[in-house]
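Across the two complexes that follow, chain A remains constant while its partner is chain B and subsequently chain C.
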Partner chain A sequence: MPSGSLLLQGLALGVLTGGLYALLSSGLSLYFGVMRVVMVAHPAFLFLAAYLTYSLHNKAGLDPLLTILVTVPLFFAAGVAIQRLLIARLAAETMAMMSVLLTFAMALVIEGTLGAVYTGSFRSINPEYATKSLDLFGTQLPYDRLIGFGMAALTLAALFVLLKVTRFGRSLRATIQHPQAARLVGIKTERVTGLGFGVGLATAAVGGAVLAIITPFFPAAHWAWIGKLMAIIVVGGLGSVQGAAIAALLLGVVESLVLVTVDATWATMMFYIFLFLTLLVRPQGFFGGRLAQRF
Partner chain B sequence: MVKTTRVRAGLAILAVVSLALGACSKDEEPAKNASGPIKIGISLPLTGDFSEPGKGIKEGYELWAETVNASGGMLGRQVELIFRDDASDPNRVVSDYESLITQDKVNLVFGPFSSRLVIPAAQVAEDNTMLFVEPAGAAKEVFTQGFKYLFYAAPAVANDHYNYLAEYILALPADQRPKTAAYASLDDPFAKGTAYGLRDKLAAGGIKTVADEVYPPENTDFAAIAARIASKKPEIFVGGTQFEDSVGMLRALQELKVQPKLVAFSTGPTLPEFPEAVKGASEGVLSPVGWALNATYPTNKEFVEAHKKKFGKEPSEDQANGFTVGQVVAAAVKAVGCADPTKDCQTKLAEHIRGGKFDTVVGPLSFDDNGRPEQAHMIQQYIKGKVEIVLPKSSAVQTAELLFPKPAW
Partner chain C sequence: MTGLGRRFGKPALVLLGAALIASYPWLVPNSYLVYAGVLTMMFAGLATSWNLVGGFTGYVSLGHSAFFGLGAYGTGLLITRAGWPWVLSIVAAGLGVGVFAVIVGIAAMRVRGASFVIVSIALVAAVNLLAQGWRSLTGGSVGLRVPTQYGELTRLEAHYLFFYLFMGLLALTLLTWWFMDRSRFGTGLKAIREDEDKAESLGVPTAGFKVVAFALSALFVAFGGGLYAVWFRNLDPIFVFSILIGSYMVLMSLLGGVRYLFGPLLGAAIVAPAGEFFLLRLGETQIHLTAMGLLLGVVVLFMPEGIIPAVAKLFGLRRPPAASIREDTAEQRATLEEAAVQ
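Let's turn to the complex of A and B:
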């Protein structure tokens, strides 16, 4: 039986990792919520952002966290462009399915381009704080994870304010809830949809910067994340940003506790076990509220 | 509308004609085969999980082909390499070798990277009675399939990689010898094989195994695994790793303030990106290595020079392994005097390799009945930021004394 201190350590790491998952999956919920797009390329964009962070850090000497001042606007613009130029052309009836194909192609293009530009070698960013940790009552809290958690909290808070308080957020939520009705009250739903996609992709820029300081990366690294992040948004309730955040925390903690008590193979499997349970018991997800899409 | 239809019709005709032409030229190939270039078919993981080592092996193969061609080729014929990209996918690697053998009608095949791809690929070669010398399939499962045409062109199989280190640890005086060891390994036949080879020898020598973890390749989080290991305070830590996980594991152990006296990782530290990825923490880290830059084996110096000239950088173990495959096959082709894809010729080549001893850049190689190499890996260590060969002791390849216990990270 694992000791109490080990369980506590596992719990602490789980919460920190869960925060990271929440950040990485927030964009996915937005895409699905706003336009029923299953964005398989989201993890590829995360690693694209990680590589850009790497370049800006090494070539321009920017702190990895400051690079988001450059990458966030860039990704926002790219997101709007992708939605208006590509995704908007897909037929609405087959959106969920065709968007998988389209974004799968994007993921391959990004992976190939990263391979051509940066080669297949592993890259990593190692700021001073990357391998230090805070000792809290004998539990070690690594600084890179703490920073990741902090960035996740800030990003999600910003997203929350954007969605709940601003006029744009209200139109976006209206578009999510009932596009036809939203159009009837005068919301330019096409424009709102494009901007919503841009916001989703902008979260990938923040996520990429955080990933870059936590883990070494290579062009094909994104495949390992697709399954995990998709499982999170289904468990959370498709289309619900808060639901995904709660599910991310839950799965982060479960994964970590299973890791310290059982083993890594079972821990990875937890994501899929929760996915199956959700589909069996509550296909609309656990934390999405009544508007979450049935999977 | 009319215009586009016409253009489409034109394109269709063009496509049909070019297909027909393609088919014709294929039919003529076998006739030229005996005198044209010797074609060697190779599938490698140039994208996907193994793209990095896959590209390294490719460079080794290319350099070998260039070296051979510069000295007049094999049997007076030029060598031509045909590469396929299997994207690290065991299904793709099978169809790659099938089409290389049946459609491209290659004379010889060379192996891909990693045990996971070597086993399915070797089965195709076996079914077509083609010699299959491979650069990177060291797991014990590779040699228990009953393959007759497979040879692993490197010094040792996975389980024997740490042999010199095991001898060293068990020979330490009792008061210095560590008493506990922890292992964490990627769920991959090669990576597990290396760690378990050492684990079994140390356990038999009385060093207690306090943790023994396995994680799947898609694992992205090492903090919790490290927490389990940290709670046991092991004196030895061994990682059965590839690159990404060796860095992840090392950083996680550092963050949890674990300080083992001896740390070894299977593959990561042998790559040039390692010291940068872990900053100062590489000091004292051990790793088995099948090839050394400054080893004095015949042809090694020439290999290193030629590699620097062609690619503008020093070769690593991957390039050396690819080059070694070429050297072994070339020696066999020269001795037997044939390079045809016939059962007769391929069997003769395999018989020759089974019975012979071959001088290569990784040292002299010989093979047992199942294609296992019969030599051992050297052990390298980062000392003052430089890679030194520390074991085997008092051998020609040793460049420094092993640093034990390792400095804290």
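Let's turn to the complex of A and C:
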């Protein structure tokens, strides 16, 4: 039985990792909400952002966290373009399946291109502040994790304000809840959907910058994240941003505790066990609203 | 066409095609092309197996490489650990995977559309994790080596042997598809593809049908994996359990046309050699993935029904009943619903 301090350390790290997971999966909830699209390429875009951060840091000398000033607008525009030019072309009846395949194709294109440009070897960014730890009540909290958690909290707070307070957020939520009714009250749902996609991809730009300082990365790294992030949004309830955030924290803590008590294989396996149990017991997810029930 | 031609024309054409394919290893100039032929034949079998569930029910599984890998590992372990003869190992491993697929299918087939795709991705990720984590049994990420099972044969002769073994498996899978296509079972599955709720309300036992189709498809994929283990003899968990193999099956089926018996075979005949070509030409980098991704994107966007109808349309040969039920006439739809009720 591991000691109490080890468990406390695991719990603390779990919360920090869970916060990061919440940021990384928030985009997926948005895509699913506005278009019922499972965006398999989201993790690939995360690592694309990580590589862009790497290049901007090494070539232009930008601080890794400041690179989001460049990548966020870029990814937002790319997201709008992808939705308007590609995904909107798919036939409505086969949208669920075909969109998966289309975004899967995007993931392959991104991975192949990253491999060709940056080679397959590991890259990492180690700014000075990311190598130290904060000692708090006997637990070691690495600064890079704390920064990641902070960035996640800020981004999710901004997303929350955007969705709840602004006029765009209201029309976006209306589009998610009932597209026909939203159209009837005069919302331009096509435009809103495109912008929603852009916002989702913009979160990938922030997530990529955070990933880049926390972990070494390589072009094929996104595969390991697809399953994890998908498990989070299913447990949370497809299409619910809050649900995914709660599930992310929960799974982050569970993973971390299993990691310190058992081993790394079972820690990752927890995601798939939770996913299968959720589908057996409550296919609509545990924290989602009414929307998730239809899937 | 005369009556005689109509009756025997199609089977004769199929036989001619089979003879042409069977002579392939003897026509090519070097052993690499024979090897590429075996690989293509393997993928043709895998894609056709995938189409048993993907084409009939419309449930797109990106995780079929889980069954491929389990079949391969099961066979390899039975040979190395239990000392079983290889044919028996392949059959036993395949049947074991079939049973496993029934269990997985009962859970996975409860959800539709996007959720099902997520489950299939999670399945292959979980199995991959297990194969790499359970070092004492599987050898972990180092992989599993299977000792040679065909004694005297040289590498090239083994390629010939496995070309015909994979071809036999493909023929078996095609025959299964052909029978299913004409059975009430197949009609029920197609009803699920077009409108699952309606099919269920008309009395199609949708849950059972879906699980049986899923398991049948997994069974053939696992046989393919078993043959691969004995042929290739070096199992790398990252390769056999990669989503990439599963997505190849999807791409091939989709490219050829999921509604056609020979669609996946046609798709495999294009994608597998193209993949090998990209690998040879652009091998050093990962750019072959980009080429594959672009091909998949083009297929999904511009010909989701596959090449067969796309080409037929081009030449004005499109036959009316090939379309989805949604594009069918009311009369055809009534017939189908009648069949589903019976």
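Keep in mind that, in the parts below, the second predicted complex is superposed on the first by the 292 of 295 C-alpha atoms of A that agree within 3 Å, B and C clash if a C-alpha of one lies under 4 Å from a C-alpha of the other, contacts with A are read in each partner's own complex, and residues count from 1 in each chain.
As a convention for this text, a residue touches a chain if its C-beta (ideal position, glycine included) is under 8 Å from a C-beta of that chain, and two chains touch if they have at least 3 such contacts.
Keep in mind it's a predicted model, so treat the numbers as computed, not measured.
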Chain C versus chain B on the shared chain A, clash or fit after superposition: clash
Output check: A:5 vs chain B and chain C. Expected answer is one of first, second, both, neither. What do you get? first
First (chain B), second (chain C), both or neither: which does A:167 touch? neither
For A:111, using the defined touch cut-off, is the partner it touches chain B, chain C, both, or neither? Pick first, second, both or neither. both
Partner chain(s) touched by A:101 [first = chain B, second = chain C, both, neither]: second
For A:17 in the superposed arrangement: first (chain B), second (chain C), both or neither? first
Quick check for you: in the superposed arrangement, does A:133 touch first (chain B), second (chain C), both or neither? first
Let me test your reading of the model: by the given contact rule, A:59 touches which partner, first (chain B), second (chain C), both or neither? neither
Return first, second, both or neither, reflecting whether A:265 touches chain B, chain C, both chains, or no partner chain. both
Just checking: does A:38 make contact with chain B only, chain C only, both, or neither of them? Give me first, second, both or neither. second
Segment of chain B intruding into chain C (one of 61-69, 97-105 or 331-339): 97-105
Taking the two structures together, which residues of chain A meet both chain B and chain C? 111-112, 115, 119-120, 219-220, 223-224, 227, 263-265, 268
Listed in rising order, the residues of chain C that touch chain A in the complex are 58, 60, 62, 107-108, 110-115, 117-119, 121-123, 125-126, 129-130, 132-134, 242-243, 247, 250, 254, 285-294, 296-297, 300-301, 304, 326
Please output the residues of chain A touching chain B within their complex, sorted ascending. 2-3, 5-6, 9-10, 13-14, 16-17, 111-112, 115, 119-124, 126, 130-133, 135, 140, 142, 144-145, 215-216, 218-221, 223-225, 227-228, 255-256, 259-260, 263-265, 267-268
List of chain A residues in touch with chain C within their complex: 32, 36-38, 40, 86, 89-91, 93-94, 96-98, 100-102, 104-116, 119-120, 219-220, 223-224, 226-227, 230-231, 234, 238, 263-266, 268-269, 271-272, 275-276, 279-280, 283, 295
Residues of chain B touching chain A in the complex: 47-49, 51-52, 54-55, 88, 187, 213-221, 223-225, 227-228, 230-231, 243-244, 247-248, 251-252, 254-257, 271, 273, 276-279, 281
